[in-house]
Structures are given as structure tokens and as C-alpha cells.
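Below, chain A partners chain B and then partners chain C, in two separate complexes.
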Partner chain A sequence: MKGLAKSLMTTLSVFARKPVTRDYPNYHKPIPERDRAFPLLLWDFEIDEPFCTGCHACERACPVECMTVLMKDNPNHRSQGGDSSRRKIIDKFWIDYARCMRCNICVEVCNFDAIAMNNTWQGHELSVHDRSDLVMDLPQLLAQSKTGNLKEWVAD
Partner chain B sequence: MVVRPEIEREFETQDLLLNVGPQHPSTHGVFRMVMEIDGELVKDVVPYIGYLHRGAEKLCETMDYRQGIGFMDRTEYLAAFNAELSYVMAVEELAGLEVPDRAQWLRMILCEMNRIASHLMFMGAFGIDVGVFGTPFIYAWREREAIFDLFEEVSGDRMMYAYFRPGGLAWEVPVNFTERVREVLKAVNQGIKDFDGLLTENEVFIARTRGVGAISAADAIDFGMSGPSLRASGVPLDIRRTEPYLKYAEVDFDVVVGQNGDVYDRYLCRLQELRESVRIVEQCLEKLPDGPIMPEKMPRMLRTPPGEVYIRTEAPRGEYGIYLVSEGGNRPYRLKVRSACLSNLQALKHMSVGQYVADAIIVLGSIDIVLSEVDR
Partner chain C sequence: MTSELFGADLNPWVDAIVRLLMWVGFMTVVAMGLIYLERKVLARFMARIGPQKTGPMGLLQSVADALKLIGKEDLRPRNADPWTFELGPYLVFIPIFMSFLAIPLVFDWHIRLFELGLLYFVAISSINLVGWVMAGWGSDNRYAMLGALRAVAQGISYELPLVLSLVAVAIFNQTLNLEEMILFQGQTPNILWQPLAFMIFFVAALAEMNRPPFDIPVGESEVVGGPFVEYSGIRWSMFFLGEYTALFIMALLASVVFLGGWAWPLGEELGRWWQVILMTVKTSAFIFLVFWVRASMPRLRIDQLMAFSWKVLLPLTFAQVLVNGLVLAYEWDYWVSRVALGVAGLAGIVLLYAIIDRSVRRPRPRPAPVAQSEAVTA
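Moving on, here comes the complex of A and B:
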């Protein structure tokens, strides 16, 4: 009987504590800056074009082959009368978020700091009705960075 | 089964085949077992595994060493740091990499924290198995959440960390790491106290678990069991003690052993191990040096000379071994994961035959299986 009483005392003592549950859809826990949701592309505000040159480094390093990259000649390059130093630039880019396993390798191999893991709640709340909606194209991948609110974290 | 002589059977009786799983909450994943039962007594258990087979070993052979880390996480999702550790240690052994001291201590802290998280998960799930509905599970979740928040701040992910790299760690821990760990340990200590109060001396719990599913030390060794499930039978085999890796030789901890090898002892062993893990982490925090977390010179693409290596570490569920064969180049020629769960699961039939059906469930729960580790 003593053990049972002790057991009940334990449960009773919990009543005095503060609740630890988070009222999730109404309350979003602040997430740490290192949080890794899904990768997205970054926007170069100085020249107004993506950082990504379409060099395929991330595509080759991806363990689950979730990326498809196509590059093109940069129409904004200096030789064409523009002000960009990027000879090549990204043309089309798809990342299949349904395949991505968020290993951070694409960020590590990127030579241009053009890709980062999304560390906002937007990167987590991605439920869709159709899996094909999780294949993100270039405008979708750039959208969040274009707003300028993204504080990406890249390990040095 | 006791057959009273005065009502000798006059009719044919037939044993019942009862299918449990694969989609059953008390099988801890997708495990299926077919039990042959005579009334309430289990006469035979036939386990079926393979529902979660993803071919992680084979996948790792198609990709380089860094890419494989993510798959190692997924072979044991409840203690991913421990799984990563075995893998990166095997690669380091082959490649001859020297891991900096700070990285080793940090690895130790993270692995022990992950052991705590995994054992807490066991406490919760086991509580439900024995019939204490909900309460232990929520208690376990509370502290586990604190640990996962810490891991998220360190590695960026809550379960699939991909944080260890051959040679060290992917990046430095946050500046307030030690304070955060101490904070979490405080919560964990409270959690351990709660479990101790809730279950250990509870007469109902003891009646339900003591003497159930006992296995002798000799049998447990024969089945190749390891980890807390083996130590509960009284075998003081702990790889952290017998073959110290990382810095385990420099910290002081006890190897917890049980006496009877029954379900209750397996629970007690894990509870005590929680306390030992807390002790280890506290010592690590004291001794944590400053310094680099990666060797000075790391090649951009890690290549290993030909050779083979077997590395084992003490994961929460037992010996997690990696057998790695390399033919040179940047990817394994063969990778084999020696999972503790698979070996522990072999003893399931031995432990549950002759028990009640309800006890077979808690025997399964007490060896703390993770099906992703069994099937890989």
C-alpha cells in the first residue's frame, strides 16, 4: 500500500507544477537559428539576382537525389552590358521536399553560399494534399529570401 | 495450464493462433508476431520482421561517407547520435583520423543525453504496456522534449541530427551549451524522481512485472543479448567499461546490473542507467576542454585506404556495431550494422513461452525494441 500511496503522491505533486504543453497552432515556439527545415535558395539584393549559379554541386552531393538543376548564360553579365559578375546563373531549380532528408549537405558543399536551410516556421508547416505540390520550383524556393526577412544560418 | 482432474476434457481442444501486429500499438512499431495460445498461456511465438526494411546498409554503399550519416540516423531514430557515433568512428578508424579532444567530449555528452532520451522513451512506452495508461508516457515526453529542444539548438534537428562527421563535429555547439545542458539535466533529474515515485515501489506495478519473462544469464549470453536487457540478468557487460571508447575511461560511472533478469529488473536497470548517464554528463561538463572540433587538415572528399574494421559502441539498447569494408575510394564496399535489437529480439520466444498473453506484450516492451534498428 505504501508504494501505491507514493505513486499517487507523485501524480498529485504534478498538479502544482506549471503546464509544459504548448498550444501549438495558436502558439509557435520560437525556433533556434540553427533549425533545419528544408533547403531554399537565397537572393542577392545587391545585384538583384539569385546567388546560385547552377553549378550542380548540391545536386551531386545530395544523398537522396531530390534536386534538379539547370543553368543558363547570365543575361545580366558584364559582357552583356549588365552589372553581374556571374557568367552563368540558375535557370531552373526543383527541390522535391518530399524526398529531402534535411541532412544539410547541400549547404555545406555550396561554393557560393546560395542555399540555406529554412529556419522559420514556414519551412515546417508545409502540409499539402498532393505530393507533387511538394516539388518546389525556382520562384517558390526564392520567395522567402526575396522578402528579406530570412536570417539564414550557415556554419562556418 | 492446470487441468483439474474432475473435469477431464471430453472434447478436442485446439490451440488458437493469435496474430499481433504489424500495426499494433504495443508492438512498438511494425513488428508482427503470431502467438499460439492455449487459453491465456502462450505456447509458441513466431516473430516476423522486415516491415521496416529500407536497405540502409546497401544504400550507404552507394554513397560517400558523409552522405551515409543521414541514413545511420534513420537506422536508430530514438538514439540517432549513438548510431552516428558508431558509423563515424568506423570511418575514422579506417581513414586514420585523429579526433580532437573537445569533439570527443561533446560527442560523449550528446550520446549520453540521447541515451537519457531513449531510456525515457522506454519508461513511457513500458508504462503503457503494463497498463498505466498515459501518465508515464506524458512524464517521459516532458523531459524528452527538453532534451530534444537542446538537440535542436545544437544540431538543428530534433531527431535526425546528421551532426557527427568523420573527424569531429559538423559545427561548433552554441555558446550557452553548458548552461543549457545543466538546465536540461535538472529537468531530467526531476523526471527520474517522478518515474521512481510513480512506478518503482508501486505494488500493482511490481505484481505485474516481477518474475515475468525471466531469462538466466547463461541463456541471455547465448542469445547474444546486450545492453540493459543483458545486464538485468546479472552480466556486467558494458562496452563503455570493457572497451572504453571516446573518453569513457576518464569518467567515473557504475555498470548497473540486475539480479533476476525479469521484466522488473530490466526496468530498474534502465532507471538506474538514467542516473548514471546524468552523472557522466555532469563529469563531461566539468572536463569539457576548449579547442578545435575538427582535425586541422580535412580533405574535401574523405577517402579511406582498403581494409576492414568493426567498431562497437554501447547504444541505449545494447551493442551497436558497424562492420565496414573498404576497397579504397570514398565509399564503403560493404557496410553491416550489428543491431542490438535484433539479437535481443531473438530471446523473445524463450522469455514469453509459458507466460500469459498480456505478459508476452510487456516482455516485448521490456527489451525496448526499435523496429527500424531491427530491420534497417
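Moving on, here comes the complex of A and C:
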């Protein structure tokens, strides 16, 4: 009997509280600064090309083998009359987000700070109808960095 | 012969049909509103928001559900008994609708005012058990049958405390006419002098309406929906309509019999709209109480349920009836008899508390522990 009254009071106190539900798709709660979604490539604005040289370090280190990297000679290198110091540059890059396990190893092994973990909501909102749509190619991987809107922490 | 409806003279049959349609439409809207409110209120009890996407603040959610139910196919299992299966839902919800007839909503504004209104109400509201049995039996489904049997066992058991608590009030007020009851409560509502009767009425009404924590006939985890397992579409929605209409009507009856209806505490000479507001407030409070209990209590086991009705509630209602008769037989003056009744009611509540407390704390026989050494060696 005392328990009945207690349970009634408990529910009433919850009733008086504000609901914890958020209107999710319309409202995104701010995610923590060091949140880690999927890896993406960064854009070197000084020379206007990707940081990535296609060295395969990340591809070799990746425990789940979700990356495919192809390298090419940089047409913008100094020897070709350009202003870049990168002899080689990335040609094609695919990351299978469906396979990636967000372990951050690719970021740690990268010698050029060319890859980073996405810490924005765009890195989380990845629902697609076909899982092949989760295989990202080079333009898709660079797109978010190219807008210049990435937060500091990612670009470090 | 003509009858008048909103100033227009109509053939009595046309008049009856128009009134019936208005009435069914109104009750459908009330049921949809109650479903929406229940979902919203229950959500707040669980720190959620509830329906919010359909229409402004989810207001159209019930409409969408109703349209979906109407559009759904009305299936009948091959082995089902056609007549009992198809007529079951009607027998569930027609008596509930009919029980509304006797309830005075506002002064001089009711469908029919019976001299024996309370008797009519308790008589007609127990018929729907037949509908439950028909639904359970006609479905040719074990879960449905089991649910129907539970519904009937529970319905009949709790009918007694419900009716007897109303009888206690009727003895006290010395009338079965609901409007006279309201007038009798001019200064103080019955709940003050009959608290035990109100408590028993509330518990028994919860069981009668199959509301949690007494929803064992339709418990999903035990009998997967009970008598309406096999129903779909419009027939299934009839059960739902019946359930929420019953809730509304029980709340109306409680506010008439125990809370003073449209009269208390603002008096009888008030304007009609004040009376409507008073009735709305009282009915809403009762309905909120029902939702609140639903959010707080777990479902009872069936033997606990039956034991509570027969061993606890029924003797207490008998005691209440006897005490009422005794106090009124001595014909003390107004306040003395009332205070005596109130004290007796409070004593009854204390007794109820003691009984439940004792049964909860009673040491239970535990199964003999398995011999440790034996279990290990085996």
C-alpha cells in the first residue's frame, strides 16, 4: 500500500519534469568536440590540392581493409612548372563507410596529416537505400573539407 | 405526431435517427480525443513527448488511426463462428453507449432522466460481458477464449463491489435518481462522507473498464490481446471505441455520484456553461487519475485480482452498506450522521490499508533449497 502511493508519486514527479525527448531530425544536439565519425580527406587551400600523396600508409594500416588508394605523378609539381612540392599525389581513393570501424588508425599513421575523423553531424547522417552508396570516392571524401567549414579539431 | 430538434419539427423516426447519428459521432470524437490524450499524458509520465508529427502537436494522430482502421480489411478466420464472431463487437459497445442515456450532463439537459437511473446504469453496463464471451468464443482461438473467460470472471467479480459501493451511496442519498443525487450533494459532495465507497468504486471501475492494472483480459504478454486477437479493421476499432467510451461514461458517473455533478461547489442556479465547465473539470480529473494509475502500476496476477475482489473489496462494501443503513436508521441530525459516516469511511480506508499491507508483508512459503552437495556431485 505504501508502495502504491510511492509509485504514484514517482510517476507524478516524472510528469512534472520536462520530457527528455528531442525532436531529432529537426534538431541536432551539439556533438562533443572530439566526437569521431568516419574518416575524410583534407584539402590544402594554400596550393589548392589535397594533402594526400597516395602513399598507401593508411591502406596498409587499416585493420578492416576498407580503403583503396591509387597514386599518380603530380601534374602541379615544381618540376612540371607548378607550385606544389608534392611529387606524387592521390589519383583515386575509396573508403567503404559500411566497413570502416572508426578506429582512428589511418589518422595516426598518416605522414601528411591528410586524413581526419569527421566530427560533424554530416559524418553521422549516412542513411542510404543501397549499401554500395556508402563507398565514398575522392570527390565525396574531399567535399566537406573543400567548403572550409570543418572545425579546427578535425583539421589538426 | 412530431418531435422537436433544434427548433425544427421532425417525424419521430427521423428525429431518433438524427439524434442517434449525432450521438455516435460525438462519442467517436470523444473516444479519439481520449486516445490522443492518453498517449500524450502517458508520454509525459514517461518523460516522452508522445504523438507530434501528425498535424499540429500530433492532434490528427487519432484521425489518421481511425481512417487506417476503417480502410483495413475486415478479416474473419475460416473456423470462426460467423454469427457470434460478427455480432460480438456490437454487444460490447452498444450497452456502453446505452448506459450514457441515464446520465444527467447539465441541469435539465440529458437524453432521458430515469427515476431509477442508477439501477438502469448498473444493469445495462454489465451486458457487454456477453459480447466479450461471444467475441472470445466465436474467434475459435485459444487465446481469445482464455481472454474472454478472464474478462467475464473479472467483470462479474468486480461488478459486485462496484454496484454495492453505488448502493451505499444510494442508501445515503435515499434516491436512485441521478439528478436528485446531484441536488442532494448541494453543499458537500458524497466523496467527503463516503470516501471508502469512492475508493472501492474507483478500483472496481478500473477493473470493469479493463484498464491497467486490471487489464489481464487483454494482457499482451499473456493472452496476446485477449478476445480481440482475431479481429481487424472496423470491428477491432469497435472494441476500442467501447473501451474509451466506457472510460468517459464511468468518469461522468463518478463525477455525478461522488463529486457533485454540475451543482457542487458553485450551486444550482449557475449558467449552463458554468455547469458544462464544472462537469468537464470533474470528468477530466477522474480520467487523469485513471491514466495516472495506468502509468504507475504493474499488471496484477489473476488470482491476486480475484482474491482482492472477493476477500477484500466485497466485505468492505458490505460493511459500508451496513454502516450507512445503521447510521441512517437512528435519524441523527444532519451533521452528526454525516460526520459519523465520514469517520466510518476513513476507518474503512485504514482497514483496507491494513489488509493490503498485511497481505503484502506476509511471509511467503519458499521452495525448499536444493541440497548443495547433491547438486554439486550430480
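Methods note: the second predicted complex is superposed on the first by the 152 of 156 C-alpha atoms of A that agree within 3 Å, B and C clash if a C-alpha of one lies under 4 Å from a C-alpha of the other, contacts with A are read in each partner's own complex, and residues count from 1 in each chain.
Assume a residue touches a chain if its C-beta (ideal position, glycine included) is under 8 Å from a C-beta of that chain, and two chains touch if they have at least 3 such contacts.
Since the structure is predicted, the reported quantities are computational estimates derived from the model, not experimental observations.
Visitor: Counting only touches as set out at the top, which of chain B and chain C does A:11 meet: first, second, both, neither?
Guide: both
Visitor: Taking the superposition as given, does A:148 touch the first partner, chain B, the second, chain C, both, or neither?
Guide: neither
Visitor: In this superposition, which partner touches a larger number of chain A residues, chain B or chain C?
Guide: B
Visitor: Tell me the contact category for A:35 with respect to chain B and chain C: first, second, both or neither.
Guide: In the superposition, A:35 touches chain B alone.
Visitor: Would you sort A:19 into first (chain B), second (chain C), both or neither based on which partner it touches?
Guide: Second partner only, chain C.
Visitor: Just checking: does A:81 make contact with chain B only, chain C only, both, or neither of them? Give me first, second, both or neither.
Guide: After superposing on A, A:81 lies clear of both chain B and chain C.
Visitor: Could you look at A:1 and tell me whether it touches chain B, chain C, both or neither (first, second, both, neither)?
Guide: Both chain B and chain C are touched by A:1.
Visitor: Using the superposition on chain A as set up above, list the residues of chain A that contact both chain B and chain C.
Guide: 1-4, 7, 10-11, 14, 20
Visitor: In their shared complex, at which residues does chain B touch chain A?
Guide: It is residues 63, 66-71, 74, 135, 139, 142, 145, 152-157, 160, 162, 170-172, 174, 194, 197-206 of chain B that touch chain A.
Visitor: Residue numbers of chain A touching chain B in their complex, please.
Guide: Contacts found on chain A: 1-4, 6-7, 9-11, 14, 20, 31-32, 34-36, 61, 63, 101-105, 108, 117, 119, 155-156.
Visitor: For chain A, which residues are in contact with chain C within the complex?
Guide: Those in contact with chain C are residues 1-4, 7-8, 10-12, 14-15, 17-21, 23.
Visitor: Once bound in the complex, which stretches of chain C touch chain A?
Guide: Of all residues in chain C, those touching chain A are 41, 43-49, 52, 292-293, 295-297, 353, 356-357, 360.
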